[in-house]
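One chain, chain A, appears in both complexes that follow, with chain B as partner in the first and chain C in the second.
The block that comes next holds the complex of A and B.
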């Protein structure tokens, strides 16, 4: 049963009503108002903007979506990443409302906060304020980042105090119903020496659902902390997916960030990692599988700001039908970031001649003692490979699936969480069509 | 009843160009046949056509396995029916471990009715068998963990093909230049291996230039291919003659086939 509200779009009136409904500290309301005025001033990006040259959003109509939070009763999609995993906590939200939130007492007793950002910021506002004010995602970057900063709701947060090492994964599922609007914000903070694994997935209620996701993710990994963060995007194939994501990795800290991109009609994601203290390390893994007319564009940025840091990015995409991926990768090394070791690579496997993958690596290096490498490959499943496997008893379909899973093996080898490897492998296997 | 792979008046074209122009060959299980002939005479084409390569178009004739029409099956069906080819240049499949590839292949070939997603041979049982076969072929067990033909040397590829032959235990096997690119010792090992893995239970068609592979696997019949036809059949002595003296006598005796061969190689040269 769903409560129908008038679609008010993103007007000043709607924003005022949105703010009035929320009981938030003044500093947060001020941040929102500030971002809103930027949102109001800016227009949607067009193909004249360099970043958007390859991503056409002329069919996207912001007015079709609404700021009002609807209350829908839905059947939850199956959570893929948590299967067979002993969890330390789980959090589920539907259309920006938290419907379930658990954290094992073992962790809450040690000061760990986990759950809906809405609820936790209301209770622990002062504790979270400095992290909000760091503005990892720049609210002025574009109209989407401004919209999220002004109007985020629901969302999720994980705060792990100094030295607390959570040895069970935490899981969050964010669900959107057909035609819905998701303006989620994710905030993860690991204080000095803390450790955690967070498996986050987003999904629609049905495979064909439409909607708008305009989100942000901010990961703060303080000195010596270790975060494994997995983000599986499994939106319905009518969803517009715009996201700004940013991680700060401090001295001696370590971040392993894995992205699975399977869903949405069109995705434009800016994924940025900044290594801000000496000896920080980041590993970024991307697994993409596209089909139909999907268009997935990921702009990745590895920003080396301090000496002796390492970053290692591997994005692998398999494409079928008329789908398209765009990967633009940038390694930026500041003047002071000597002895940087940075790597970026993008491999694409074309399963149809009608699919297209653009791969645009880039380097901006201002230091003079660095090691930066990049590469990209594009290949297709070839008939000789298929024939060879068939002469060994494989059906054509089995052969295609095997070749695709082999293609992803290298990135799966890097993903240290078994349930994630299996979930991604299975989801991809199910999607591979006979060719 | 003895099992038979029977090829009758086989005509095969690639991209509209006729390569095989009426091949007749009957192989009974337990027999070894050597197929010799100059480069470009159509030997590998015969192998690929028997396996059902989609680029090789059968324009006439028949291939039958125990009376059943092989041409109706795709490569999967043929391999599950017990026909195997060791390729001259096997394909690499990056990211797929040899052991996983073979476990899947072995299961499918041994249970021809298996549907995708159904149980594979139990891991322990498969491992044991694979290790035994690798020992027999004097292969390092590390080999099983490498990706299929990925970065293999020429010799490693050929040995991997023999390992697959050993695991799949086909009724009929085509060995396409399994000896080329191998040094003398490797050829000796390969030929011993084929004998050891129960070659006597298979019908084998050996496509070769070497005498070494035939030394341990003495052919019951030797066939000479020229210009897309089998022009002469003899015993082991014919194989010896050909690798000692070459094909001059054959070309002279069969001027029509020699002319066809010349035309085929000229087209290739253009």
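The block that comes next holds the complex of A and C.
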């Protein structure tokens, strides 16, 4: 059945029309209804909530956005991560509609599923059902997680069967037009011994575009699997970005998760990694550059649930103008997670005296034989370094760019995918102004 | 009272017969000032979180833990209307 969605706002009527438009299995519709009832009950967070006390969303008006999907003809922005890369597959969505989806036959013949989550769940719902029901992202966590669980659409999925090793990166691009609403959900499942690299990026149609992104990412890395996941957030300057992201890394599995955060007006992201099996490893890399009045808030959580696991998080941010970043990191070690090796670090480079960075690392350890460390630095560009570079013939702006590039080098060195290093380096270089 | 001016939150204060407008930001931890008490005699507003006080005329920080001024905006009253001109610095 096809129903035109003409309602605006997130009303019961709009939700009913949204559900009616989708031909999904009953179990999925029930999950959505359950999440919707929680969404309906909950209020938006306020600065009185501990987690939100440094992120002010009083200017955010949820009723300005809509569940309705509009069919806009837009010019696609440049996909930064895919330039010069031989891809094994590509998926593009615009305003929650899938517009392109390709996967090399070499991989589809081996049972790999990749593309629009809407389309793949309609065809392979029973196969994906157990992963949905694991609820990696808790739909009851806050109003935003409930909204995404109830109304996700237009997201992407990657399913790699046991033992299949994809040696070409896959790329997904999510595009939103000015004033749009993006409720994408990303689901990545690597079965035992599988390997894959997924480059995901989100972008607006114009630099100054507004909109709402309320998304979720769920990464399931089963025993002995290896996932490299890159997520570049490059929305327009007016976008409100709310996201819940969660990874489960099983025994002997390995996750390298790289985040680039460049766009949006305000971002509040909960990024969580749970190491649930022995000898699991996770490396988390974060690259942030803020300008104007941008406010990016990242809450990271490394949860060690099993013995002999290793997690290593490095977030680096450079801030100019009146922008602000907030990073709250937590390493949580359960009682049984002996011989844990966990590290978290956040470095901030202040390019203006009017910018502000809040850095709040934390440890919560219940085991008694662990190595858990954390660190944080915030500092300005050293005038002597600038002067030295200028005596060697660089202009002041070139010198600043070089110093900013050097600041990020340590995190770039950890990113093993060349196109990602180049894309992030180029995007940041373009943004750096004189100081 | 809290008002929105050009997509920005401003705390508008009426004290001792004058209007004043400040950014709704405590420069100590970035929390909102608008819920804090105003002392008209001392011409200050206090942040409800940690008690930092700001001069309502200039935005200057007058007590710890705040050390930097919050932004004060220009206010003009014409008849029964109050106009706020945002200061960008």
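The criterion applied here is as follows: the second predicted complex is superposed on the first by the 428 of 435 C-alpha atoms of A that agree within 3 Å, B and C clash if a C-alpha of one lies under 4 Å from a C-alpha of the other, contacts with A are read in each partner's own complex, and residues count from 1 in each chain.
Just so it is clear, a contact is a pair of C-beta atoms (placed from the backbone, for glycine too) under 8 Å apart; a residue touches a chain by one contact, two chains touch by 3 or more.
Because the structure is predicted, anything quoted here is derived from the model rather than measured.
Partners chain B and chain C, brought together by superposition on chain A, fit side by side with no clash.
Looking at the shared chain after the overlay, A:87 reaches neither chain B nor chain C. In the overlay built on the shared chain, the residue A:53 is in contact with chain C alone; chain B does not reach it. Contact with neither chain B nor chain C is seen for A:119 once the two complexes are overlaid on the shared chain.
Legend: residue contacts after superposition of the two complexes on their common chain; A:358 is shown touching chain C, with no touch to chain B.
Seen from the Cα centre of chain A, chain B and chain C lie 70° apart once the structures are superposed, a value rounded to the nearest 10. Number of chain A residues touched is higher for B, counting chain B against chain C.
When both complexes are overlaid on chain A, the residue A:42 reaches neither chain B nor chain C. Of the two partner chains, chain C is the only one touched by A:324; chain B is not.
Here chain B and chain C sit at a least CA-CA distance of 24 Å once the structures share a frame through chain A. The contact sets of chain A with chain B and with chain C never meet. Put simply, chain B touches chain A in their complex at residues 51-55, 74-76, 78-80, 84-85, 87, 90-96, 101-102, 104-109, 116, 147, 164, 168.
Of all residues in chain A, those touching chain B in their complex are 383-385, 387-398, 402-403, 405-410.
Against chain C, in their complex, chain A makes its touches with residues 47, 53-54, 56, 58-59, 324, 356, 358.
The residues of chain C lying in touch with chain A in their complex are 4, 7-9, 29-32.
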